[in-house]
């Protein structure tokens, strides 16, 4: 059976070491198996590694590998191959995986089917990193032959192997006959087609040109649910939607909104997150005030998502010594973001904020945000399995993508400690403590969490929505 | 004739140089850091620095231009920053798509625009003329993205007649290929038909009042022969020039339509590349479309010359 | 042309109207006439009198929804106005054929000559293609196109104007029509070529025995070709009679005005100075006898304009880099001078370099060599600002009064403009002077706010003259200034020029190919041929005693407005114009001149 | 005075009034003028009209079909579409008119210079124009709009600059034709300065076709603003323009078809209006047309 999947974008280079797009990861899910995988409830489970354990000081991770696994080019997967891949990820000049593996000191083959990671300092998030691109093992033979050009013909150990790619048109994979778990694969061929326009994507599904689409527009949810020939699936994602306030990033930070946390608190209080969810996302999203969605185990129940409180917001504005506060907000130029921010604009206006919107295409928005040339910037994060990935690099003083340039040693301390502990209870406590401080300083105003929404034809069964937004094809069947 | 072509090609060289400057300055003109755009969500500083070096972004601008031009002249358009694919390969991959789309659109434009223009001219100031103008103008005033979506919803989803999008290479399955391109080329052709119709109409009007048409009538020729032979064959000259211009524009101008129908042609390639700041692709492809545009104009001039005995003899 | 007296064409009470601004405006009213078989009838009248509309009505070639034809037209026994479109197409070509005024634009530029003629044979479905081809070649030979067979595939632009007109005639003759309508077939042509075409039509008519309706406003042509003449005036046929009658006993004042204004070559014999034209009032028919022109030339002074060895060439380019491959020797080594109060005429056939001479003298074109002194200054050496100042002394009046005024500028502004531009006065001064000048040329000062299109051709030409006078020039170059005008208006404008010469002591360089007018207005005449002056001298000497063969040929070609001389033919030569294009290595032969009489020089034939 | 001179050849009307009279006689042009006047008046009078604030959102009236309260319905965040249509007219008409004005102001002088002087000046201007023409319109516009930063003004500048080369070409071609007219030579022969000749002789006589092209380009520019809006580079939210409304509406074609219908119809009408007017102007300004 052939499966055609409509994606929102075209993937970038198909090399797990170099890739950076979300849709790229969707393709890898079918093509490249990882050392470990994630379940829909975000538990880490074996994939290419069958078992693992941490040393007592949390500085050594040993993994047992599955035996009898072959890459698509029929070379066997063993500890050597894993070491080669991880080293490649750490040393290839073009590699985008360096920061993910920054804590790794060295990686060695302890036995033919056992690898040992030695860390510079304790880092429990490594396991989560290995559940994604950093942990995708590629054929050492192909990697050596193609080098940085591996993406032109990727060779991994996943259920499907690469057939062809036409940029902006399609990526075609076919079933790999020697896949270790081939009994669970019921699809013979997968084609991914990038169709950016949501209306058109749905139209293609309806007309039968596609079997399945990702990121259905929330506004189309109702009509898909009504459609007897289609199946609807959604799940709240692990990322977030947020507004970054320029706290200390360059001269433009020097404004009341960046300086006075009361204004940011007032701003947040003036937003009716439920209304946003209803109007823009037809109830498919959830409101939020933390880097994790309310259904996440890491969400701090002590700080519930605030209801709109205009009086309090007005009072805070007054307290800060203002009547009206001018704020410039840069937003990405896609229609949904524009719709949402226009609503926010009119909501906060009632509390005394005169927001002017600056709609900017994404590349510009990103560089303005990095350069600190903004007051308030809408920025979303696709989310990581480990909570650290949703917070550490954004909030810590030296965080790689800390564009607000918020810096609080106390928060840094808490987040670093959370990273080092292998005990989830300890970690949770640290994150809760940080959440309290962040909710007060509010460098980032969290707005909520979107859902991943899929629509499929009725004859496609066995698809399990996953909060990481991936499309896992094991178990998926196509009838007729 | 050959000297004429050679001369025209020589004149194209300065034009291409200017285009190369335009195209290159796009990179400097556009805000947004290309490296940032491709560093990924994590934006690893080490990677960023490496890429900056690799793509020579730390060199002085004139130096960058000269070295870029140098490799372009050697036939090397660089590689896509986003997918590492050589730009030349990308161009070769998209060119057939773009050309097929352009040709089919032109066919639509001609089939709709030219007969309507002729009739409107012959029946000037009658109901037919007004109607033809109205239809043409509606083609001109309906944005492509809108018409495209409407067509998909109607033809593909409601009626299920044609595939909603996608592309099939012509030589792998010609019928299916034409089928997939039918709607997008209609959308594009429809807009062009308006321009074509209006130009055909005015060219026909001026020819119809020419002395030699009166001569043709005085000979006792049938109206059909007067209109289609004597008039249209003369009126077609400006239309040829215009179509080359339109065709040239189609090479890169079908952005929105390609986007709606997800046709992997030049337009979509360029726009995506602009938004991703994939400059090697932007520069390479725009340069290619510009060359295409110039070649199309040259072709039009040659056809013009061939159709016009007066200039033909002068060469 | 004795024949059976049955009318081939009979027009009864023809009224043709056009839809103008939603109203039917008749432009031809109640016109009736017959054309007998084998007869040639001339339709004459001033421009706009409805001649063309009448002929187009007969052929039903007017735009259907914008014109209305009433009355009765029977052509070869058929009631033209009641025929269906299809039947009418059969009539066109078979019963009547037509040739038009503009040979340059009346042929389809993208079809070969052969195709266009054979089409006339095949379109009625009565001749197969190969036969048509043979017949076409026969026709081309008949109209004396040299090498007819080999020119079958050639295109109109490869033919000269005269040859194109012959092609038109061949096309018209193709299906042996009973009636040939010729609408000003020679107006756009040179005298020499005009002569050839007229002879050709006469000859063919004899051979084929067809009737001809000949439309023209040239009375010389009328006298030469027609048996009978119909005079049209403002949409009506005011007079109809044999050509002799019309010429000798014309009754309608307009007919008389028309005839009075016709210059007759040779009528100036014995006249010392230029002579004004007599003017007949078209309303009353009273004729005012011309007042003699006083002697205005003073040859003792130095000439106001001296031209020495003037040469102007246009490069002919070709090849890859547009390198020069040759040159058009438009003006080649010419010398003459012009005195105050004198008119020097420059004559010669089309393309011989007359205009280029005029434009080189005023430096509208940069001459390649030679010296031009105007009022003592060396014109060829001036920088651009002195050049603008020099232009005050020498002004031009162009051929086409329609084209030589900016259509979007009032005539007042047009006349006042040079004064303001040269800072010769304030705007108010300029306006006053413009008003004065307009009155000077016989217009009213209150016309200053009108736009050029609101004037008649003659009035427009006067405006151009007024503008030329605005800067008080000493010399006026009049380049075909009266050629485009109707006879009667031509006379008026010529009279005006002579008046101005007398009162302002102007010098004219009068460029024209109309020999009869030239004879009337000039003191001296220079004949140009292929860029060179072949004969120059006092008017009576050149006209009375032409020496150079080309001068003789030119004079012989002029139609004589005397019906009694009809039937006399010139020798028919079908030779084409020689080209002034020369290769790069062309060596200009040395020319020498022989003095025949006082100031009468003739170029000697090169010894070859 | 002779008798012939007394024939009054034409009416006493001046060309402007004559053109106006001819325009008035042209039904199509009048309809076009009417449409444009209607939208222009709406656009100008927007602040005075008793309509809701175009940016006022209402969460209880999201995507409501046309009704007595909202004549044309409401949009995706509960704004009154009628009011947004009226305010949007301002942006869209301005996008059309100003971009064309920019194209004219820059393109026409270059075309005049290029055509009139010829030679090297012409070569340089022609080559640059050609290069501009060879650059895809939307790419130039996107690049310029992105460079200048997204805003309606910048979109207008971008569209104007991208449309400019066409005017250079057109003007140049016209000048080449007019330059050989006898009256231009006449102007030279009375010793006029180049500037006077260009402004008084050439420009007025090449303007008619340029004007016609301009009205056509206004239509294209309105659509181009819609396209730039589609790419997020036109009018900035929440301010309305027809293009941006259409752009948002396309995501709700099945849920709220009226969102697309009104701006679509308005663009269609205005484009037709400008084209009818353009046709009428061409006829009215052409002295050969009766």
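Going by the order they are written in, the chains are A, B, C and D; count residues from 1 in each one.
Definition applied: a contact is a pair of C-beta atoms (placed from the backbone, for glycine too) under 8 Å apart; a residue touches a chain by one contact, two chains touch by 3 or more.
Per UniProt, the chains are B, D = ABC transporter permease; C = Glutathione import ATP-binding protein GsiA.
What you see is a predicted model; the values in this text were computed from it and never measured.
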Chain pair with more C-beta contacts, A-D versus B-D
B-D
Can you check how far apart chain B and chain D are, centre to centre, with Cα atoms defining each centre and the answer in Å?
23
Distance from the CA centroid of chain C to that of chain D, rounded to the nearest Å?
45
Computed distance of Cα centres, chain C from chain B, in Å
50
Per-residue overlap in chain C, given as positions that touch at least 2 other chains
none
For chain D, which residues are shared contacts with two or more other chains?
146, 149, 231, 247, 250, 253-254
Give the residues of chain A touching no fewer than two other chains, as numbers and ranges.
199, 361, 364
Could you list each pair of chains that touch, in label order?
A-B, A-D, B-C, B-D, C-D
Quick check: in the complex, which residue numbers of chain A touch chain B?
10, 12-15, 18-21, 93-96, 98-100, 148-149, 151-152, 166-170, 193-197, 199-200, 203-204, 206-209, 361-368, 370, 381-382, 393, 400-401
Show which residues of chain A lie in contact with chain D when the two form their complex.
198-199, 217, 219, 223, 275, 278-279, 331-336, 338-339, 341-343, 345-346, 357-361, 364
Which residues of chain B touch chain D once you look at their complex with the stated criterion?
11, 14-16, 18-19, 22-23, 26, 29-32, 130, 133-134, 137-138, 140-146, 149-150, 153, 198, 245, 248-249, 251-253, 255-256, 267, 270-271, 274, 282, 286, 289-290, 293-294
Which part of chain D faces chain A closely enough to touch in the complex?
55-57, 59, 62, 76-78, 146, 149-150, 231-233, 236-238, 247-248, 250-255
In the complex, the residues of chain D that touch chain C are 1-5, 7, 9-12, 14-15, 25, 181-183, 185-193, 196, 200-201, 204-205, 287, 290
